[in-house]
Amino acid sequence: MQRIIDKARILTEALPYIRAFYDKTFVIKYGGAAMLDESLKASFATDVTLLRYIGLRPVIVHGGGPQIGEMLSRLGKETSFVDGMRVTDDETMEVVEMVLGGRVNAEIVSLIGRVGGKAVGLTGKDCGLLQVTRHVGADGRDLGRVGNPTRVDASLITTMTGSGFIPVIAPIGADEDGLGYNVNADMAAARIAQELGAEKLILLTDVEGVLDAGEKLRPRLDLEEARAALGDGSVQGGMIPKLVCCVESVAAGVTTAHIIDGRIAHALLLEIFTDVGVGTLVRAD
Amino acid sequence: MQRIIDKARILTEALPYIRAFYDKTFVIKYGGAAMLDESLKASFATDVTLLRYIGLRPVIVHGGGPQIGEMLSRLGKETSFVDGMRVTDDETMEVVEMVLGGRVNAEIVSLIGRVGGKAVGLTGKDCGLLQVTRHVGADGRDLGRVGNPTRVDASLITTMTGSGFIPVIAPIGADEDGLGYNVNADMAAARIAQELGAEKLILLTDVEGVLDAGEKLRPRLDLEEARAALGDGSVQGGMIPKLVCCVESVAAGVTTAHIIDGRIAHALLLEIFTDVGVGTLVRAD
Amino acid sequence: MQRIIDKARILTEALPYIRAFYDKTFVIKYGGAAMLDESLKASFATDVTLLRYIGLRPVIVHGGGPQIGEMLSRLGKETSFVDGMRVTDDETMEVVEMVLGGRVNAEIVSLIGRVGGKAVGLTGKDCGLLQVTRHVGADGRDLGRVGNPTRVDASLITTMTGSGFIPVIAPIGADEDGLGYNVNADMAAARIAQELGAEKLILLTDVEGVLDAGEKLRPRLDLEEARAALGDGSVQGGMIPKLVCCVESVAAGVTTAHIIDGRIAHALLLEIFTDVGVGTLVRAD
Amino acid sequence: MQRIIDKARILTEALPYIRAFYDKTFVIKYGGAAMLDESLKASFATDVTLLRYIGLRPVIVHGGGPQIGEMLSRLGKETSFVDGMRVTDDETMEVVEMVLGGRVNAEIVSLIGRVGGKAVGLTGKDCGLLQVTRHVGADGRDLGRVGNPTRVDASLITTMTGSGFIPVIAPIGADEDGLGYNVNADMAAARIAQELGAEKLILLTDVEGVLDAGEKLRPRLDLEEARAALGDGSVQGGMIPKLVCCVESVAAGVTTAHIIDGRIAHALLLEIFTDVGVGTLVRAD
Amino acid sequence: MQRIIDKARILTEALPYIRAFYDKTFVIKYGGAAMLDESLKASFATDVTLLRYIGLRPVIVHGGGPQIGEMLSRLGKETSFVDGMRVTDDETMEVVEMVLGGRVNAEIVSLIGRVGGKAVGLTGKDCGLLQVTRHVGADGRDLGRVGNPTRVDASLITTMTGSGFIPVIAPIGADEDGLGYNVNADMAAARIAQELGAEKLILLTDVEGVLDAGEKLRPRLDLEEARAALGDGSVQGGMIPKLVCCVESVAAGVTTAHIIDGRIAHALLLEIFTDVGVGTLVRAD
Amino acid sequence: MQRIIDKARILTEALPYIRAFYDKTFVIKYGGAAMLDESLKASFATDVTLLRYIGLRPVIVHGGGPQIGEMLSRLGKETSFVDGMRVTDDETMEVVEMVLGGRVNAEIVSLIGRVGGKAVGLTGKDCGLLQVTRHVGADGRDLGRVGNPTRVDASLITTMTGSGFIPVIAPIGADEDGLGYNVNADMAAARIAQELGAEKLILLTDVEGVLDAGEKLRPRLDLEEARAALGDGSVQGGMIPKLVCCVESVAAGVTTAHIIDGRIAHALLLEIFTDVGVGTLVRAD
């Protein structure tokens, strides 16, 4: 009996968070291990569905790099990376659209549907959702069909969330001519969060969070600290663009941005419903 | 870390119940120990508020016998009981209205408000909510201002629940002339549940539930079994009218009716969100 | 026949007022003789119901001092007054909540219900309706559970009036911890009127209105005149706080505030629907 | 003072009627003396506006025979009557449309507007409001552009009344080709009342009501009595079609139909808001 | 087959215009030849109905000078003009109201109804739609009941267009006392367009448009050019007030104003759905 | 000038069709040449967008067989057909989902977006839109992941069309476990049309329509004739299942079903907006 009373107590501990986040929008970048491990996939789908049922508005933006890579290799198509971005010729882009917009997106929609959520698959090409310009590399180098988000038309997303659906968005943007572009999923999620005035931007990653020089997790950064960490070289590699996304989003009005460890089951719920947190939170001050 | 992962798992275990009960109405008779013990009071208020936030529609009907008795004795007013009902002369009724509609009702509203729920205190006299006729005792004996519910006008309740409020109802009814009557809270809750087509009628009591001859809890009764238990004398005393309320409600379309043990913290949540249950459930078959 | 034609003419004379006040909110402090005399009670209930049916939005705030006093004396509880306010210890407050929130409030709800109005009883503790801080007497003296209104959350009231209900509010406020406080009904009504941006604040009293030095009624005061009357000592005793309520309300945007003679049958209708008026009107200029 | 208290009392006496008729539709045939006498015109406009403000839904259908006759004679156009209906050639119809749809209709709209009502002038040709077939006289005689109402499309009227407007309808119908026809205003009002499921059909006339053989007013007729009166010849002349309109409307579901004396000021209010009544009421039983 | 493919192509060429003008309001002054020639009348009615069905909001204001003149002469009533405006004594005004508000208005409503549009006839006297002051002639000369538009209450029009109806408005205004006035239809249309914040004001005329000194059509004028044309005498006669209406409307926020040649079948559609245009367009710059 | 007048006339000829089909749903199976030829693709996108703007509700279901075949061959994956259906093993299904749900669907969304339509890409896996059971071949042969539509949940589609969007649906269904299945696009479109109670089901094909024995087009078939044609062998090959889809849809309440020649530019508009029609129409009688 004690066990089930503990259970009830845990449910009630969630109440202050449910109250605080009621009807708020959460933009979640879904990627990495959490997209590959079967058990983590199920826990993610359950978490998102639960968020929706208790009155929050989750919006998913997913990645899919490994799945793209695998299909390219099956097709015998060579591929290269510059500054962490895949050089994307027209043929590669065709594969990107198929894999992200077709297979990966549909799989996430199914995952959520199986636990009772009403998910709808979208790509950034739907209704001008994600508008981009062609990315220009650091040295003016052209990476092909790689896009930088410029404008987000959020009306389709809010129609969805307002009717109880969970949008699942593939990070493909369109330029003015409707041509598709590969977009970094973190950047897409960040821009969408900004446009929606989201409560939280949450980036699911395969690391613990932002670490300090001594490899210790920094659980909280205000904007000043985050900018300092970017400036003094203590943050490196793939973490740099992620932290930049967080900083820009918070500066643009998103209440908090999070880089969390997607390798932990139910990382989303833990982040949202406990004080512990699982990763690094960035906020204005 | 394991502890907080367990925590998240428990939250997700609630998901199927949240999905199943979304937007459904739960009429809860609040009384007994759960109204007297400070810790149980807080757990009740938290449970009800949580139900509301996650999308259910709780409606509270409360008792208040002990508080009425205490005030009558402070006023030096004698009182007597017939068939478990308080003989209620006009002076006693005045005290009943004050204590139930004033003190007890307001205290419950405060309790819920303190944990963030938006509770509104009502009595059955508001807008013809609970209409009664004068009760006639078994032998034609008049018990004074004791009323039997005849009709419920639920429009005020649904206006409230439709706007996110939690109605807290004192079991005082009015006859055709607007005169107030003392109504048994279980009966009031049962009639309101029937009118609202509630998903559940839940009676919080100070006992484990319906027991069999060997004093063992009977966790589930279908209508036939419940009627048999009432007919063969295995149910006795104060449990009889409670079980009758459950049977009548289920027969009138309430999905399930519950007699649960209010002495257990978070009994409501356990009943609603786990398969264990804490008491006796009555259902059609 | 002439008689019934006169009747029709009188109805049509009300038209300009009905047009002018359509959908406007009227906060009415109900107290004094109008709450004690059976015939005046009936005329008040009819007036309020009529206002509602012809499209105005009445909101009632009631007093109940005599009824509290009577119950305290029945309970053998001594009570004292400082600056016209009842010193309210915890035990007294319990009685205040019972009498105001229970008996008096319910009686007014019944009165209105009997002539066909849909009244709902509320107290300021419902949903944070009336938030208070503990009153500090002139000389720093503590009067116990006496509260000064600080904030009004009018959402519950507007939900009610928007659905055709007449809110009847007992002047009990809550502090941050949800603890109940006795609030002066005039002050409660004034604060609620200000929050609602009411068309009129109407204080029903047992006097003719504001009198001048020669004991003659002053039918109209602009803010300057009203402040002068408060400053030069021509207004005295219990009329001072009432006039202060009117001045503050008008200064805060209530179109007109009225101190009227509740001893006259249908004083409300006369005030609202005729040019004669029955008491003193305060307006900006 | 007594006089103004009487005034308030009269207002409150209207309350039960206001409650009973709230949101109900009243189709009023406006014609005869009430359209010619300046004082009666003003009293009619005031009554209708008052009805609207206190929550009823008046719909006006007006006549205009005298005004048409006067214009025809100014134009030197001869005209004749058969069975009380004007023989209407194309040239006459043109005048009918101008006078009814132009001058008379606009004057009524102005009258109501001047006392604050929001009236909108319509003719039965607007949006298929009043559809007719060509009338065939008793002996197969053709009366020209005289129409019998066949179908009413009430959507325009309900759009109007639902937005707070008072429709003022000229009794001109259209056949399938959109050609205009002169329609008897009583018949038009009756058909519109039937289509709207009106609470009351009220025909303003220049007589006291239906009289019995001894020339005494018959204040109330059930359907059986009304049909008997039509059958036994006790009702004669112009009263026959009016009573037929009432009988058909009540038989089709209009709650009550009234033939009232429009020569009395405020006849409408008296009929609606007092028990006295001013004319003959027809009801189902 | 080629012919019907051409047909489809023409339909699709309208798409960019339909997209651009969706839900926008078009105020159209209907007059001149387009009101007299049977074939042009039919083409006008079809055009307006088509506009409504494809999602635009047409509002018609019509003239009727010739019809008024004809009726006055049938009545043997002399009439004179000053500065292009009819001197309107009370008797003349009566005829104006009848002819414009009765015959002409009803005919347009019928025309539109016959091709399936839901038209509703209004005059500026309905619900204070068009409020005027008495016009004073250039030399202080009184022209009688000729009015200058001062205020437009557009709520009736937007109720109509919001419910899918096409308002057809006779240019009769009312002064403060509700007295009717003859208003120039161009001016009425211009004022209504301004109040509605219309996309286009379109004046149907019997000329090609604004001509230059060489009698050549000027297809486009910005505000500066239009004012210059008015100032330098190159625009003369009846075109002056029309161009003034256009200039004032564009200055007040109407996107474009058009003086088009109503003698061309489907001039409205051509103006709205092609780049060719048929007349003179005035825009801000 | 004559040319542009012809243009306007053509626009107005569409009016009766626009009126008749306003707010009606059209389910269009998009496939064949119309999906491959650049000019036909553009004409299709324009047609669909035009339909939406003028108030109809198009819903697109697309095929994609050639694109799937091409990708399979690029991947070196063999494929076979049974009864015209592709045998679909798990690996093939993965490709189907990618190609249909990713590339083809996104391309159609882009096409429509480029001409200003607001298209949203969906697959039948979104929110239980298209539920299937595993297809069993004629001789009990298993074709792998080929599904027969069983149930359609249209709520997502109607949310979309109700908000002005154009749903573009890939014919992939899900079984109870959320597993994806390849569904024949004609059958998917037919089932969706039935569930939506569509006005028209339109199948775009690469043939003229249903031909008779003499290879002459049969422009119209009632249900009896269509069933006869299926029974007597005059319809053969791929036309059989298409005609079956039409018959079943009309029998289930779709007003008309069409097999049209998608090789003609603007075939959709011609079918919907002219009396000529371009193919075979099936209707109840």
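By written order: A, B, C, D, E and F. Residues from 1 in each chain.
To be clear about the criterion, a contact is a pair of C-beta atoms (placed from the backbone, for glycine too) under 8 Å apart; a residue touches a chain by one contact, two chains touch by 3 or more.
No experiment lies behind these values; they were computed from the predicted model shown.
Q: Treat each pair of touching chains as one step and give the shortest count from chain A to chain F.
A: The fewest steps needed to get from chain A to chain F is 1.
Q: Please identify each chain that touches chain B as well as chain F.
A: The shared contacts of chain B and chain F, listed by label, come to A.
Q: How far, in degrees, do you have to turn chain B to put its CA atoms on top of chain C, rounded to the nearest 5?
A: Between chain B and chain C the superposing rotation measures out at 180 degrees.
Q: CA centre of chain A versus CA centre of chain C: separation in Å?
A: 55
Q: So what's the Cα centroid distance for chain A and chain B, whole Å?
A: Each chain reduced to its C-alpha mean, chain A and chain B end up 45 Å apart.
Q: Quick check on chain F: which residues sit in contact with 2+ other chains?
A: none
Q: What topology does the chain contact graph adopt: line, ring, star, complete, or other?
A: Topology of the interface graph: a ring, with each chain touching two neighbours.
Q: Taking the contact definition as given, in what order do you meet the chains if you travel the ring from chain B through chain C?
A: Traced from chain B through chain C, the chains around the ring are B, C, D, E, F, A.
Q: Considering only the defined contacts, which chain A positions touch chain B in the complex?
A: 1, 4-5, 7-16, 18-19, 22, 43, 46-47, 49-50, 53-55, 115-116, 264-266, 269-270, 273-274, 276
Q: Touching chain B in the complex: which residues of chain C?
A: It is residues 71, 74-75, 94, 97-103, 105-106, 109-111, 113-114, 118-123, 125-128, 156, 159-160, 163, 165, 172, 174, 177-180 of chain C that touch chain B.
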